[in-house]
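Several structures are given next for inspection.
Note that chain A is present in both complexes that follow, paired respectively with chain B and with chain C.
For the complex of A and B:
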């Protein structure tokens, strides 16, 4: 019986003088888990290790009950894995169909008819049915992102790893992506890294915040939002004492920290909780 | 607008076994069906939903089927399975653009050799060509699917070796054709073959420890340095085939490198299952 979890214990990874992951312990179960963190926090490294693409320098990894250091186990993982890297290596001469077909062959879909049916299915899921025969070089950034998502869905994987899947998608496409993830069968482990805290709020049952290669938070989105409880205010002007402050679309100033003069206390969002946790390092990516 | 309709029996036979119909009747029915929605609906009814779906699936599959590249077609003619041919042909050194560049480079070297009336440039450069091909096959961006391809079940030493063999065969064949145009061709002008195998397999083996392009740069430097160092002590210039790397000692050493490289590849095959660059 397959162990439907991802276990990471004491994970360390270093690139030259840079520590990407430092003593990371995580247990991730079925459902959608969001991975938040500023640039360089270690999200992509964590996903690459979970995708069996990269080996950690130290620590233990068990994916779906398998040990990726063992060749047979690694094959077992890869047969149940869907992985969308942050930078998919598209060859420009491929059409959208040819690219997904190529990945399907790598995923051992040897019977042509079944493979082509599967390719059409996943391209349809991401709304690319109308451009299947267009060369990748003429597709927009959003379409390429959806193409990368499509290849990760081949074979309905049990472990789905998505590295910034919504980057470059327009609002309608992001909504469609949320529906797509929501329709995943029960028992599937989805781990997605993102800078979009509203994606986490809308999609994820659990959220992990990585800061400087360490796990700074692991819990539900509501628990993350609660980190900012009693610390988020709306005021008419900027207060220099605020830890973080920005002008909202309504023209008021949202403060995090001590209450400014004549301010209204408001309910915190996941973004507020994340900003409280990450501090100014997070503002670059999280506050638009 | 049509004024007549085909009989249900003819439509049923057209759907089930069109080749059994009189060719003129079949052609007439086909033309008629293009214009008559009622008869198309009747055909779908008498033939059943499954037949209709299977027909459309067949059409869609024919339209979607990727057009095989020249190299893929060649591999399939040689008996390689469709899926393996696709995987091997997708690697960059087997793309038409690289093969064209390879042909031009070899042509240029042979042309230079003919102009200078010496085979030395060809014999010095030829072993480096398959090495460059191997680097392009395993260096960054070599696989069309990038990390997603690495994380797939069908990657690893098997695919790496299949691609290496294909790249080697293509480059060695191109070099052999080029060599035929060398001036005053003799058997000793085949001295580049064993070093070429040694450098490319050695590069592949070294790439299990370091980046493929670093391995190629290192081995390329070793090859050129060895030729230069063996040329320096000679009082007067003789044929390049008399230099140690291309003469018997070099051939024996290179054959040894081939054996060691193959053994290393076998022992370190796990290195092909993950990304070997730290980025």
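For the complex of A and C:
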């Protein structure tokens, strides 16, 4: 039985003069956890630490019951880890199959037949069956993203860390991705960083909002949405008193903040909750 | 005991470096060797303090309880291998990547160029003994090795170049395992070099039947050294890729090896020094292989030890250290012992044996008759050279009157300067007289067709009383307008094919812009490109006369020459006298010819 948690206490990480993580305390259990936050909030840094490729300056990290400061434990973590970096590099002259096959070897799949079966399985999961033997250099950006997802699924990991996995995916592929994550076996910890609040709403049992390297929120998506309860309005024109306002596809203006004149109160979404929490700093990434 | 191996290596290396610094000026103890070993030792020693690769995760463990399970269960029943099996699986993968890479293809192309150069276009210039040729195989493998260094470096740095490091670092196989996988591709370089070298031997054997001498155990040593160079190139590329990822690093390494090798090859100056075998490429000693010692197995061990040491450098910091330390210690011992074996002076018995061969060439020769009164003697090891020379000169000997060929002996002997010999051989030769029979004709060690033609010319020149060697300054003897010069040409071409005869007696007319004057055009003594200066110089008119004589029935010319031998071998008799005697129209006064030194 594996200790099914990601346990972070007092985590700090600084890059030169920039504080990436500041006293982060988190306990993440099985299920899908979304990581929201504006650019530079520390999401990627948190994922890199959880992926054991970056060490914190201070704080305690415990992943699946292991301490990554111990070499043997680190190996234990990596054996249970699936990781998709924000900008996964590819050997462009490899075929899709070769690349995932190579990662499979690095994940200690040394028996050729079993490894190849597993590679075919994960490529099938992301719908890349038809291009397994095409060079990566000829694949589209979306296909490469799916390839990166595929390698992270090798061996059905217990800890799956995905940094912006749906960026660049078309709507159909995003739905398929949601299905894929939804089908993960019980007990798997999935931590995904994203700017897509609808992905969080559709996928995540828990959501964490990072702001300025600190945890601003940790709870369910519904709880996050509830942060905006009574503060989201639809009006026919923009009210200058609004904290945030933007034109919807129906042509009306959605306001967050105090109610404008003759406005309709509407049910908040996860995005509304996030925007209320993050304030104007979030608009650059979240609203876009 | 932990770290004892590395401490031993460091101690040995430091000692070696100290000795090198003290005695570095001596050609017997080359400074670069010891400095190299010393640097390797220092690097290994310092590696004990090198931080783990995964910087940052090396702090003290948190005082938390132990993991719930020490080894988690495998997902989906995955067959998981240990570090060794992962490295092997990676090696198979990386070997394919290495062998199909562009740089490696360039290396194969270099081998193809070597084939084209020495196996096709200029295969006749491969004209020494098999031993000499085999000794050049390691040098021939160098263009490939240079490309292999770059290819292996690019292979090892591929993940960094393509931005995959973060992803790969999150995998169980750590950087050391990946490096081991890359190091294990060294066999690809070794195989290519061995196949290239064996292919070269086969190609040359198929296209050039004139190489001679034993094909003995040195071949195995040289092939082994070639394999090690191929493997070593890959290992060096991987090691550089592990620690110095700049893309120009392998290029600088190739240049550095070239410069260092060139420096090592100059040890001893004009004298042969076995220290040169510490270089990865070894030039010829400038003298035949029979006259110097070459500890080829020691050299192979030296290269092997260096290769392993360089490979160990790629894994510095790896845990557990014990195997690495043991490997480093073993390799260091092999390297140093092999280096000492290579650079040690020639043994007294070896030096005495070589000196004996030089002082008493006849005593060590096997002689074959080439017609009444003429014999060809070569060192016993080179009996084929004598056989082929006999076949070349027999028709010439048959055409020479018996009185003019009595007691003529071709002989292989040491014809170079004593200062080119090893010091120990020179010492062994000191005070000894060279037992060289008077009047012997030099049988050179080359097997180029020109060399056999030169033997024909040499016999013919001896028969008519002309010099058989160039003057001390290298100038030839002018025989322009002399009947004996033309007789020598006629004799030298006996039994020669018409095409070869025409080629040997060719005197292309001057064309506009041709800078060659009559003296140049009359210098047709064969072998200028294989260290044989033009012994005699004819005029173009003499060559024309010789061509006319060759066109007459041989019996008619032979009768005229034999019946009036004394007259036509007298310097006073002119070319026109000879032509008139044969019943041909005189050609008139020959061109003015200057004595010059000619070489290729």
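The rule is short, and it goes like this: the second predicted complex is superposed on the first by the 287 of 288 C-alpha atoms of A that agree within 3 Å, B and C clash if a C-alpha of one lies under 4 Å from a C-alpha of the other, contacts with A are read in each partner's own complex, and residues count from 1 in each chain.
Keep this in mind: a residue touches a chain if its C-beta (ideal position, glycine included) is under 8 Å from a C-beta of that chain, and two chains touch if they have at least 3 such contacts.
Note that the structure is predicted; figures quoted are calculated from it, not measured.
Peer 1: Superpose on chain A as described above, then tell me if chain B and chain C fit or clash.
Peer 2: In the superposition, chain B runs into chain C.
Peer 1: Between chain B (first) and chain C (second), which, if any, makes contact with A:27: first, second, both or neither?
Peer 2: Touch partners of A:27: none, neither chain B nor chain C.
Peer 1: When the two structures are overlaid on chain A, which partner does A:132 contact: first (chain B), second (chain C), both, or neither?
Peer 2: In the superposed model, A:132 contacts chain B only, not chain C.
Peer 1: Where does A:243 make contact in the superposed view: on chain B (first), on chain C (second), on both, or on neither?
Peer 2: In the superposition, A:243 contacts neither chain B nor chain C.
Peer 1: Which of the two partners, first being chain B and second being chain C, lies in contact with A:97: first, second, both, or neither?
Peer 2: A:97: touches chain B, not chain C.
Peer 1: Which partner chains sit in contact with A:15 here, chain B, chain C, both or neither? Use first/second/both/neither.
Peer 2: A:15 contacts chain B only, not chain C.
Peer 1: Would you sort A:62 into first (chain B), second (chain C), both or neither based on which partner it touches?
Peer 2: In the superposition, A:62 touches chain C alone.
Peer 1: Check whether A:116 is in contact with chain B, with chain C, with both or with neither, and answer first, second, both or neither.
Peer 2: The first partner, chain B, only.
Peer 1: Which partner does A:158 reach: the first (chain B), the second (chain C), both, or neither?
Peer 2: After superposing on A, A:158 lies in contact with chain C but is clear of chain B.
Peer 1: Is A:170 contacted by the first partner chain B, the second partner chain C, both or neither?
Peer 2: neither
Peer 1: Of the residues on chain A, which ones does chain B touch that chain C also touches?
Peer 2: The answer is residues 48, 51-55, 71, 74-75, 78-79, 81, 83-85, 87-91, 101-103, 105-108, 110, 112, 148, 151 of chain A.
Peer 1: Would you mind writing out the residues of chain C in touch with chain A in their complex?
Peer 2: So the residues of chain C in touch with chain A come to 52, 54-62, 64, 67-76, 78-82, 85-86, 88-90, 93, 158-159, 162-173, 178, 319.
Peer 1: In their complex, what parts of chain A are in touch with chain B?
Peer 2: Listed in rising order, the residues are 15-16, 48, 51-55, 71, 74-75, 78-79, 81, 83-85, 87-91, 93-95, 97-99, 101-103, 105-108, 110, 112-113, 116-117, 119-120, 132-133, 148, 151-152.
Peer 1: What does chain A use to touch chain C in their complex?
Peer 2: 1-3, 48, 51-56, 60-62, 64-71, 73-76, 78-81, 83-85, 87-92, 101-103, 105-112, 114, 118, 148, 151, 155-158
Peer 1: Tell me, which parts of chain B touch chain A in their complex?
Peer 2: For this pair, the touching residues of chain B are 57, 60-61, 63-66, 81-83, 86-87, 90, 92, 95, 141, 143-155, 270, 273-275, 278-279.
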